[in-house]
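Data first, discussion second: the structure below is written as structure tokens.
Labels run A, B, C, D and E following the written order; every chain starts at residue 1.
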Amino acid sequence: MSAYNANWSLMTPEIVLGILALVIFTIDFMTGVKGKKPFLGRMSIIALLVTAVLVYINRGAGTIADIFIVDHFSTMFKIILLVGVAIVIAISMHYLDKNDDVYQGEFYSLMLFAALGAMLMVSSADLITLYIGLELLSISSYCLAGFKKHNRKSTEGAIKYVVLGGTASAFILYGMSFLYGLTGTTSIIDISQVISSLYVDYPFIVVMSILFMLAGFGFKISIVPFHMWAPDVYEGSPTPVTAFLSVVSKIAGFAIVLRVFFTTFLGSEGVLYDEWTWIIAIIATVTMIVGNLIALTQKNIKRLMAYSGVAQAGYLLVPIAAIFIPSYSIGVIIFYSIVYVFMTLGAFAIITLVTEDSGRDDFSSFSGLYKRSPYMAIAMSVFLLGLAGLPLTAGFVGKAWIFISAAQAGMLWLAGVMFVTSVISFYYYFGVIKQMFMNEPNPNDVELKAPLSISVVVTIALAVTIILGVLPGLMIDWIAYIQW
Amino acid sequence: MIQNAWLIPVFPLIAFIILLFFGRFLKEKASYVGITALALSFILSVIVLIERIGGETYSFVIEWLTFGESTITMGYEVTPLNAMMLIVVTVVSLLVHVFSKEYMREDARIHVFYSYLGLFSFSMLGLVLAPNILQLFIFWELVGLCSFLLVGFWYFKPEAAAAAKKAFLTTRIGDVGLLIGLVLLFNATGSFDYADIFAAVQAGLVNDTMITIIAICIFLGAVGKSAQFPLHVWLPDAMEGPTPVSALIHAATMVAAGVYLVGVMYPLFLASSTAMTVVAYTGAITAIFAATIALVNTDIKRILAYSTISQLGFMMLALGTGGYVAGLFHLMTHAFFKALLFLGAGSVIYAVHHRQDIREMGGLWKRMKLTSITFLIGALAIAGIFPLAGFWSKEGVLAAAWEGGDIFLFTIAVITAFMTAFYMFRLFFTAFTGTFRGDHEPHENTKLMTIPLAVLAFLAIVAGFVNTPLGFVLEDFLTQGLNVGYQAHGELWLAILSLAVAIGGIALAWAMYYKGAIAKDAFSSKLPAVHKLLLNKYYMDELYAKVFVQPTVAIGKFLWDIDRNIVDGIVNLVGRSSKITGRTFAKRHDGQLQTYGLVTIIGGLAIIALAFVLRGYFG
Amino acid sequence: MVPITLYLSLAAILFCVGLYGVLTRRHLVIVLASVELMLNAVNINLVAFSSIGPYADITGQVFTLFIISVAAAEVAVGLAILIALYRNRESIDVIKHDLLRW
Amino acid sequence: MIPNLLSWLIFLPLAGALLILTVPKENKNVIRSIAIGTSGVTLIVSLILWGAFDRAFSGLQFYQAAPWIDLGLVRLNYEIGIDGLSLPLIILTTIVTTLSLFASLNISERVKEFYIWTLVLLTGMLGVFVAQDLFLFFLFFELTLIPMFFIIGIWGGKEKTYAAFKFLVYTGLGSAIMFLSFLGMYYYAFQATGLQMLGGSGFSIPILTQIFAEPAFAEVLTTGVRGALFLGLFVAFAIKLPVFPFHTWLPNAHVEAPTAASMILAGVLLKMGGYGLIRIGVGILPDQASRFALLIAILGVINIIYGALLALVQTDLKRLVAFSSISHMGIVLLGIASFTASGMQGAIFQLVSHGFISALLFFMVGAIYERTKTRTISELGGLSKSVPVLAGFTLAAAMASVGLPGLSGFVSELLAFIGIFGADASILPAAKTLGVIAGIGIILTAAYLLWAMQRTTFGQLDDKYKELSDARPLEYVPMIGLLGFSILIGVYPNILSDVINITVIDILSRIGG
Amino acid sequence: MNPQMIFFLVLAVLAIACAVLVLQLKRISHRVVSMAFCFFAIAGLYFLLGAEFIGIIQIIVYAGAVTILFIFGMMMTEHRNITFSAHPRKLHRVLSFVGVGTLLGFMLYGILNMDLPQNGSPRVYEEGTAHEIGLVLYGHYVIAVIGMAFLLTAALIGAIVIARKEAK
């Protein structure tokens, strides 16, 4: 119970990452204000990977004072997030290479702090830690979004993000305050034990606080109608930050949604479960429809990815809404998250490469990419096909598993909505593919040389996307049988 | 040899294949390939016929198609009827092959022509040898194809192309009827084999209504192929093909296939009096209908074409009134003399440099002796002058019509016989007598063309003797082992009537077109409306165009509009509307931070409201 | 003897005033201030629960402490971004910042 | 016998595609040779299958099953096998694809990609026909979308983008409905068996067939449920087949696609719809299929007549052929709807036969277009004079399409007609009326094809087409090949029917029970 | 009506009034001052609730630091008496008002309908709340405190980097 005699070794990865982040920050200090510092990027990647390895080594079960949990769930999500951040940093290295006005050391440090926040979030079993983790992630993200401070779009995006993010935090907190007030505890596990009886006593307030928290979390994972910020911020942010937001923020958000809803709000014998699954189902439906429909109209690749990310969040909500066996839904989400991380980051690596090369964010910068860099064009196509959920990519398997899980729960209509909207998404994903393969390159665009970091990221993402698409058993056999 | 009867169609097939692949290199020599093949077929046919007369019989089948528990077989068998038909087909075909060598000499695509002829001969012989109605149908369609190809042989002439299409399409209408008929027959009897079918019909396994429907459907096929009213419109147009083709396909063999079909399926027709009546009336109407048009037409080939239609109607009439042998007998004799007339016409046309209007001919008698004589023989034969072949067979038809008991049919038959004699001699007198009215002086053609004429003339004279009151050889042969009912034989008064009618017709033609005793426009000036009607072939083509073709195309156009604008329009609309919806949603992203907040709040409120209203937390 | 519902109601009102401010004020500084008002409302809630709630214990106040710190940090970051924005755009009118849209 | 022959069959083309990937794109002839070689080997493998196929055994042959993805509650298997329904279509696929590769030799731009996509497409198509697991089936079904999108989109005609996207989204929606029906089947089977799927493999076609045939499960698998599932499947496959009113993607796709792709599209891709309908719709839900027989038959007749009427008024030769495909697919529906051995066999025959014939027609249209640069019927004419061989084959193809005996089209029409006229009145009322109306369709088919021939191969030759070159030697390969197979089936249909028959009997036996 | 109630009402009215004034006042500097008063009022409420430590912190951080921060923010941007052109989006305001009002309605409905047990007076901690808070903060929530430390570092770095003025 007490934090004094807890097994602090459970926190090793977090501690290591924190220290490394500070070390990197210090090194940055000591090497001057400006200038290119690619070694910092490499160090950050190593730090993240080391942490990921530590997380893996440190797996197992244990808690620190009921506020910090290490279990399969958190281990898995942490690894996903750390790898995700590592990839984002690899992408950033190219971006920072191209953009001299961005402070490098601070950029990497903030990324690492954000990663730390995400880790804290994922592991937390207490509303306070959860909130701190969330804010650590959010505040770092706000800064990162506005990091290109001479860019009007970047700062505009950042201010929108701060204001709306702050409001969302207020909503989460307001919801939490009632949970705390009515139970006297902030521990998720303790709350979960009394929530059922609490619900009997104060149904209105309990549901209201669930909804308030859902609104706040929904903001993080950008689901309709809490998604409004996403396109603007995605468009304004430096591209690697966009990647970061669309992957790390979102997946971390999903992790806490799962943690909170599946631990706390399930209620004993699932009493409470009926109260929110259908809401989630409706939100998922609206999210998929709105996200995909708006994406149809986009001409800016980053905005497109934002709306596509909204739609993807909708897909990820489906297993939450369609609970057959909770741990099964978690498996589904984890698999899809893994897949989503690699596909999205692979895509963003190429988007960074291309948009930084052309200086434009619109579709036409992809025009004739196949002629400029066949490998990148093919890889991009694979990622987009994966996001669209077409076969031989991991996205196909991931989506299929979501469908099947929805079917198992008897929510065929939800699977139907998801499928139909996926087909709609073909239109815009293939729109990009069309740009790359069927249009001629812009006259002044020459052959595109990819730097090592981008190539490596793309290759890894490509390999994962295809391998998990063909032999998903490598991952699924393992995920499907873990009792989360 | 009879077991090798399958070789009879195979020889022309081999010729076809050779010409298909090597025709280009053979050019004019292609004709030898064709002629050799047909000669072989002919010899074999003769042997087969002799053996068949000797009583030998043979049939052979292999499994062709299996489905469920049913099996369809293919093979060949020799029956009296098809033994006779083999001879008719091979003889005419052989002669046409020979004739064409000269006639088509100048055509660069003569090898193609011969290859088509080979394919046709193969198909026609295959049709004849078929032991079941499906196989018959298969070859039936193939002869249709050949007809299409040959009518459209001069494809660069738009009329020829149109005629070819028309020929195929019109017969196709009948063929669909036939197909449906034989499918029904199969479903009713479980087999396509003639023997099985007849056994099933005899055993009463098929109910009467069904038999009638099937018989009429099958007859529909015959109507199309044999150019019976109302599907006769294609045959006159088919004269756009080379004349030897007209002789072979559109006079002697293919068009007779319809009659042959009814003959082959005769027991089925006999089982349904309704079907018999339909056949008889269709035949009668066709006979007189076509004859009336032939009265006024001036195109030598078209006159013969209408004559053919009319004669085919005659055959149908005979079959429909129970004259099984009479119909088939007339088929045989008609094949010879009509082929003769067509080849004669071909010879004339060739000589006058491809003019076909009889008003531009005249006086050919002096210039083309042999052709004229043989043509005259043919004309006499078709008119039914004793003792030529036409006399005997036509008398049989009249006898059947009389015996059938329907005086109306008989009257029509007699009137048609009169008209036949009249228009044939109108043609003869106009084209062969008087003065030449063309611009190129015609000459007699080479032996290659005249010898076939002579042979056919000989056949036109003698072919009738196989079935005379002195000995009904053909009848005995054809009815062997078949139950086709009582066969009527004409009495003497009928023969005299027939002869009288024929002579009357000739006399009238003589008076009008040779002697000039009666003005040529004696009738047409009195009945201009009728004349015009006849000249325009009763406006059948126009009627069909108005009633079938144009509406179909109009419906097609209408549906095409619907398809593009409505069916596809809805699809596009769905696509467009999702984009529009998307844009509407996207408009909420107006860049205003506070709009975002508001949308979020309102969305959240909507969820809360929904949750609370649906779940009933109020009160 | 103030019933807790009054505190909670006060918090709710403050929360909504703050929210309304976020949604309608055009001065960005005030918008950020409104966010702070919302957070303060939450704090009132927490402290009220912590002290006179059904399960009164100190955790609520600890939570409040964290929220205050975070809010301060958030304000700092927010104002920093605001300043950067102002340098770029010469305006702190919310409505003017609609470069990113559709 | 070579083990895992079917897997070889499916993945050989993929291997070929990978091999091509390693060849520099300048070596066009090497690439072409590899592509043709690969598909040739696939063809040989399929012929080995043909030879080794046991014609007296009604179950799945060359069966192979391996667990693929274990999702905890459900296992998705790599389950493949063929029966008399799959085999003819496999042969069709390999033949048409191989021959279409010959037809694509005139493609000179981005050769490498083209062949890679075509080979991937081949894998997808073969996969559809061998898959015995619904999930695997769906995977391959979807897989065919991607290459086709690229092929139409890159090498297509003027409106290629529109056509490619329409194809993608429209047929993608079809797959969506299809997969939803699969999920529905899985869900209800899952419920029916008390959440214990037999062997955990909830998408296996043989297992689902058993479950849906089990009377004990009728409480869960009510008529309503089955009916809804069947209708879902029907709509899904109707889009692919395509059936009026879901056909509008087809004319666009066919017209814009390059020749080789049109050949594959019409020759094989449409067949996946018919195959799926028989294999899954009729195979798993036979009672529902027969319940909706009238609907299927009426749609079939509408297809025949509608397609034909539209073909009649087309001015673009290729579009005419496309509409003729729609018309001909009506025969498939009609055959299925009859629920007789002959009708069912007629449907399968029609799938195969139309595969050859339409591919040939598209090839001919492509060859003519390549030379004259126009497909507008009114601008053509008299081609028999300048390109007699091409014109001859065009005519032959048209005749085959018309259903001339001796060519494969006739056999399928005959069988379908025997079926429809012999249909059980309790399953399909008014069958004969429908049959007669369909007969009108045959006349219309003759009408539009002959009219088209009259205006293209026949008639006066325009001077600008005087100097056209006739067929190149390599063009003979697809022409003779496709026509040859059509003739082979037309002359001796037993070659096909002895493979199909036992499976058809097996499928039909499920309806009675 | 006990004194606590009177104090509460006064402070509550003050807090709400100041909050409203923050939104409604014309001059930006007045608004910030009004905000500070609001924070003071809230601090008063904390004292009323017996949470003296939080009250003090509220004054130090909010009424002090944050307010100063806002003033800085105000000074560094537009600090004169700026008037915006007429609000172009009336509908937005109306909708916002209705929306927020409805939300408030929901919240108040929920709160006022809560049947909470009456807890006489504020819970009293013998050694003061600061002591208790200290124990819990550095005991149970030590992880959160460390996290907080990182958060502040991150905010610091971010704020500096972004707000730093440099020649461009």
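Going forward, a contact is a pair of C-beta atoms (placed from the backbone, for glycine too) under 8 Å apart; a residue touches a chain by one contact, two chains touch by 3 or more.
Remember, it's a predicted structure, so these values are computed and weren't measured experimentally.
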{"item": "Both-way neighbours, i.e. chains that touch chain C and touch chain B", "value": "A, E"}
{"item": "Maximum centroid distance from chain D, chain identifier (CA atoms)", "value": "E"}
{"item": "Chain centroid nearest the full-protein CA centroid", "value": "D"}
{"item": "Farthest chain relative to chain B (centres taken as mean CA coordinates)", "value": "E"}
{"item": "Of A-B and C-E, pair with higher C-beta contact tally", "value": "C-E"}
{"item": "Between chain A and chain D, centroid-to-centroid distance (C-alpha), Å", "value": "42"}
{"item": "Cα-centroid distance, chain A relative to chain E, in whole angstrom", "value": "31"}
{"item": "Computed distance of Cα centres, chain D from chain B, in Å", "value": "36"}
{"item": "Centre distance in Å when chain A and chain C are each reduced to the mean of their C-alpha atoms", "value": "26"}
{"item": "Contacts with 2+ other chains: residues of chain E", "value": "89, 92, 96, 99-100, 103, 106-107, 109, 111, 114, 141, 144, 148, 151, 155, 158-159, 162"}
{"item": "Multi-partner residues of chain D (each touching 2 or more other chains)", "value": "169"}
{"item": "Shared-contact residues (touching 2 or more other chains) in chain C", "value": "15, 18-19, 22-24, 28, 31-32, 48, 53-54, 56-57, 59, 62, 66, 70, 73-74, 77, 80-82, 84, 87, 95, 97, 99-102"}
{"item": "Chain-chain contacts as defined at top", "value": "A-B, A-C, A-D, A-E, B-C, B-D, B-E, C-E"}
{"item": "Touching residues on chain B, where the partner in the complex is chain A", "value": "578-579, 581-583, 585-586, 588-589, 591, 593, 595-597, 599-600, 602-604, 606-608, 610-612, 615, 617"}
{"item": "Footprint of chain A on chain C - complex, ascending", "value": "11, 15, 18-19, 22, 28, 31-32, 35, 38-39, 41-42, 45-46, 48-49, 53-57, 59-60, 62-63, 66-67, 70, 73-74, 77-78, 80-82, 84-85, 87-89, 97, 99-102"}
{"item": "Of chain B, residues touching chain E in the complex", "value": "592, 594-595, 598, 601-602, 604-605, 608, 612, 618"}
{"item": "Complex contacts: residues of chain A adjacent to chain C", "value": "127-128, 131-132, 135, 139, 142-143, 146, 149-153, 155-160, 162-163, 166-167, 169-170, 173-174, 176-178, 180-186, 231-232, 235-236, 297"}
{"item": "For the chain A and chain E complex, residues of the former touching the latter", "value": "2-4, 11, 18, 21-22, 25, 64-65, 67-68, 101, 103, 106, 109-110, 113-114, 116-117, 120, 126, 128-129, 132-133, 135-136, 139-140, 142-144, 146-147, 149-150, 158, 201-202, 204-205, 208"}
